[in-house]
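One chain, subunit A, links the two complexes that follow: it is found with subunit B in the first and with subunit C in the second.
Entry: the complex of A and B
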C-alpha cells in the first residue's frame, strides 16, 4: 500500500511539475494563433522528454552519479566545459523567466506591480532552497501545480466543437492567415518548451538526492511514462482554451493576463482563483528546479560538494551558485524587461541547446562501463537516434527562423 | 582615417525612407493595426467578463493595463514608420487615427474597471456608466481598426 501511494505521489508530482512558464506562454500563444494545428509538436516533445528523462534517471540510479559528473568524465573537461557554459546560460534564462512568471501570477492575484513581487519571489525561492527538504519541496510544488488541471476543466465547461478542434489538429498545417516560417518557428519553440534541458538535469540530480538505485527503475519508468504524458495533456488544454476563446475573437496572446481569460469565461472567479494558484505553484516549482539545476550543473562539473541532502554549510559553493543565479535573475528582471519576452526567448534558446544536453545522455546510457546490464536496448536506441536528428534539426533551425520571422511576430 | 571616410561615405546614403518598399510599409501598418485590434478584443472580453462577475478586478485591471502597453507598441510602430509613397502614407495616417481612438477607449475601459473595483471615479462623466455602453464604444473602435486593416490588405 505504501509503495502504491509512493507511485501515485510520483505520478501526481510529475504531472503537476510538467508545466512551467515556458509551456504556459508558448501553448497559449500557439493556441491563440494556430489553434490546435501544432498539437503534434507537444506529442513529439512529450515522447522525447519521456525518453530522455527515463534515460537520465536510469543513468543516475544505476551509476549513483548525476548527468554532469559523467558528462565531464566521458567527454573531457573542454567539451564538457562548453556544454556547461551553454547549459548554464540557458538555465539562467529559464530561471529568470520562472521568477518573472511567479511575479506576473502574483500580480494577477493582487494588482501589486510585478516589479515589487520579483525580489519577494526570489527571496521565497531561496528560503525554500535553504530550509525545505528535497522531497517536501518537490511534492508540495508538484501537487499544487496540479491545480492547472483547471485549464482542462475550463475546456470542458466551454463546451467546444470537438470536431472542429480535431480538424485543427489533423492534418497539421498552418492557418491561411499565418506564414509557414512562423508556423515552424513556433513548432521549434513548443518543442524547446517541452524538452527544456533543466528538466533532465533536475531529474537525474533528483534521483541522486533521493538515493535511487537499480531497484527504483520500475517506479522511475512509471512516473515518467504516466506522469509526463498526463502533464502534456495540461499543455494541450492550455492551447485548446486559447484556441476556443481567444482565436475566434482575434486575440493574440502577449501577456499572462490573457491566458487566464478563457478560464474566467468558463468557470468564473472560483476556477480562475484555482488556476492562478496553480500558475504560482507551477512557476515557483520550476524556479526551484532551475535554481537547483544551476547549482547542480556547476558543482557537478567542478567537482564541488552538492545536494540538498547535505547541510548548506557542507555544500556552500553549491548554495552560493544558486544564490548568485537568483540574484542575476532578479537583476535581469529589474531592468523592466518583459518576463513573457524572456520566456519566449528562453524556450527558443533551449531548443538551440538541446543537442548539448541530450547527445551526452545518449552516449552515457550506451556505455557498459557506467550502465552494466542496464545499457539502452535496441528500441530505446532507435528512438534515441530519431530524436537526435530531431533535436539537431530544431537547434539548427531555431535562430534562422527567429531572425526570418522577427521572433514570430 | 581613410577607412573611416569610406565607411562614412558608404553609410551616408542610408535612410529608412529611401530603402523601404511601399509593400513593406503597408505590411508594417497592417501588423500594427492587427496588434491594436487584438488589444481592443482583449479589452472587450475583459469588460464583458467583469460585467458578468466572472473575473476578479485585479485580473481585469492587469489585462486592460497590458493592452494599454500593446497599444503603445502599435503607436510606436506607426509613428516611427516613414512611408515611401502617398498610398502607404495615407494608410499610416488612418492607422494612427484608429489606434489613437482605440487607445482612448481602452484607457476609458481601465477607468471603468477601476470604478467597478470601488475606485472614486463615480462622478467622472468620461467613463460610461454601463458595460454595454463601453462595449459599444470598443466595438466601434474595433470596426475602425478593421477598416484600416482592410485598406492595408491585412483582412
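Entry: the complex of A and C
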C-alpha cells in the first residue's frame, strides 16, 4: 500500500512539475496564433524529454554520477566548459523568467506591483533551498502545480467545437495569415520549452539527492513515462484554451493576464483563483529547479561538493552559487524587463544548447563501465539517435529562424 | 598522455585520458573534492619525496599527483602556472579508480580544500541555519 502511494505521489509530482513558465507562455502564445496546429511538437518534445530524463535518471541511479559530471568527463574541459557557459546562461535566463512568473502571478492575485513581489519571491525561493528537505520541496510544489488542471476544466466549460480543434491538429494546418518561417520558429521554441536542458540536470541530480539505486529504476520509469505525458496534456490544454478564446478574438498573448483570460471567461473567479495558485506553484517549483540546476552544473563541472541533502556548510560553494544566481535574476528583473519576453528568449536558446547536453548522456548510457547490465537497449538507442538528429536540426535552425522572423513578430 | 598500470593480483591498464582526466574525485566519506584537471608526472625514484622532480627523457615516470585549481585555466587557454600555484592531491591518497576516483583521506585534510573551507567558515556557516542538517526534521 505504502509502495503504491509512493508511485502515485511520484506520478502526481511529475505531472505537476512538468509545466513551467516556458511551457505556459509558449503554449498560450502558440495557441493564440496557430490554434492547435503545433500540438505535434508538444508530442515530439514530451517523448524526447521522457527518453532523456529517464536515461539520465538511470545513469545517476546506477553509477551515482549526475549529468554534468558525465558531460565534463566525456567532452573534456574545453567542450564541457563551452556547454557550461551556455547552459549556465540559459539556466539563469530561465530562473529569471520563473521568478518573474511568480511575481506576475502574485500580481494577478493581489494587484500589488510585480516589482514589489520580485524580491519577496526570490527570498522565498532561497529560504526553501536553504532549509526545506528535498523530497518535501519537490512534492509540495508538484502537487500544488496539479491545480493547473484548471485549464483542462476551463476547456470543457468553454464547450468548444471539438471537431474543429482536431482538424487544426491533424494534419497540422497553420492559419494562412502566418508566414511559414514564423510557424517553424514557434515549433523550435515549443520544442525547446518541452526539452529544456535544466530538466535533465535537475532530474539526474535529484536522483542522487534522493539516493536512488538500481532498485528504484522501475519507479523512475513509471514516474517519467506516465507523469510527463500527462503533464504534456496540461500544456495542450493551455494551448487549446488560447486557441478557442484568443485566436478568434485576434488577441496575441503578451502578458500572463491574457494567458488566464480563457479560464476567467469559462470558470469565473473561483476557477481563476485555482489556476493562479497552480501557476504560482508551477513557477515556484521551476524556480527551485533552475536555481538548483545552476548550482548543480557549476559544482559538477568543477568537482565541488554539492547537494541539498548536505548541510549548506558542507556544500558551501554550491549554496553560494545559487544565492548569486538568484541575486542576478532579481537584478535582471529589476530593470523592468518583461518576464514574458525573457521566457520567449530562454526557450529558443534552450533549443540551441540541447545537443551538447544530450549527446554525452546517450554515450554514457551505453558505457558498461558506468552502467553494467543497465546499458541502453536497442529500442532506446534507436529512439535516442532519432532524437539526436531532431535536436541538432532544431539547434542549427533556431538562431537563423529567430533572425529571419524577427523573433516571431 | 601516459599509461599507468598498477601491479597486483591482476594488472589493470588505466588510460589517463579516458579513466583519469576530468573524473570526479571523492573523499573517503564520498564527498566530492574536485575534478582531475591535470596530472603530474614525476621521476619514479622521487615520487614520495617532498620535492618531486620532473622525469628526464627516457627515465621511468610515475604519477605524482592530481592537479586542480589554476591548471584548469591553463589547460583551457594554454601555458603553465608556476609550480608554487599548483594545487595537488598526492597520488598515494588515491584508493580506487572507478567511475570516480576515491581517496583514502578526508576532504578537510587536503590543501585543495581551502576555498570550500574558507567559504564554510567565513560565509555560509555564519548564515543562520547554515549548519542545519536538511535531512532532520526542522
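Just so we're on the same page, the second predicted complex is superposed on the first by the 409 of 409 C-alpha atoms of A that agree within 3 Å, B and C clash if a C-alpha of one lies under 4 Å from a C-alpha of the other, contacts with A are read in each partner's own complex, and residues count from 1 in each chain.
To be clear about the criterion, contacts are C-beta pairs under 8 Å (C-beta built on N, C-alpha and C of every residue); 3 or more make two chains touch, one makes a residue touch a chain.
Just so it is clear, the model here is predicted, and its values are computed rather than measured.
Applying the document's definition of touching, compare subunit B and subunit C: which contacts more of subunit A?
Comparing touch counts on subunit A for subunit B and subunit C gives C.
Counting only touches as set out at the top, which of subunit B and subunit C does A:160 meet: first, second, both, neither?
In the superposition, A:160 touches no partner, neither subunit B nor subunit C.
Have a look at where A:309 lands relative to subunit B and subunit C in the superposition and call it first, second, both or neither.
A:309: touches subunit C, not subunit B.
Regarding the shared-chain residue A:65, is it in contact with subunit B (first), subunit C (second), both, or neither?
Second partner only.
Who does A:134 touch here: subunit B (first), subunit C (second), both, or neither?
Second partner only.
Which partner does A:119 contact after superposing on A: first (subunit B), second (subunit C), both, neither?
After superposition on chain A, A:119 lies in contact with neither partner.
According to the stated criteria, A:273 is in contact with first (subunit B), second (subunit C), both, or neither; which is it?
A:273 sits against subunit B, while subunit C stays out of touch.
Quick check on the superposed pair: does A:320 touch subunit B, subunit C, both, or neither? Answer first, second, both or neither.
second
Touching A:152, do we find subunit B (first), subunit C (second), both, or neither?
After superposition on chain A, A:152 lies in contact with neither partner.
Figure out whether A:81 sits in contact with subunit B (first) or subunit C (second), or with both, or with neither.
A:81 sits against subunit C, while subunit B stays out of touch.
By the touch definition above, which subunit A residues appear in both interfaces, subunit B in one complex and subunit C in the other?
none
State the interface residues of subunit C toward subunit A in the complex, per the touch definition above.
21-25, 31-37, 68, 72, 75-76, 99-100, 107, 115-116, 119-120, 123-125, 127, 129-135, 138
List the residues on subunit A that touch subunit C in their complex, please.
Against subunit C, subunit A makes touches at 63-65, 69, 72-73, 76-78, 80-81, 130-134, 299-306, 308-314, 316-317, 319-320, 369-370.
How about subunit B: which of its residues touch subunit A in the complex?
31, 34-35, 37-38, 41-42, 44-46, 49, 53-59, 61-63, 66, 70
Give the list of subunit A residues in touch with subunit B in this complex.
Residues 107-111, 245, 249-252, 254-255, 257-258, 260-261, 264-265, 268-269, 272-273, 276, 409 of subunit A touch subunit B in their complex.
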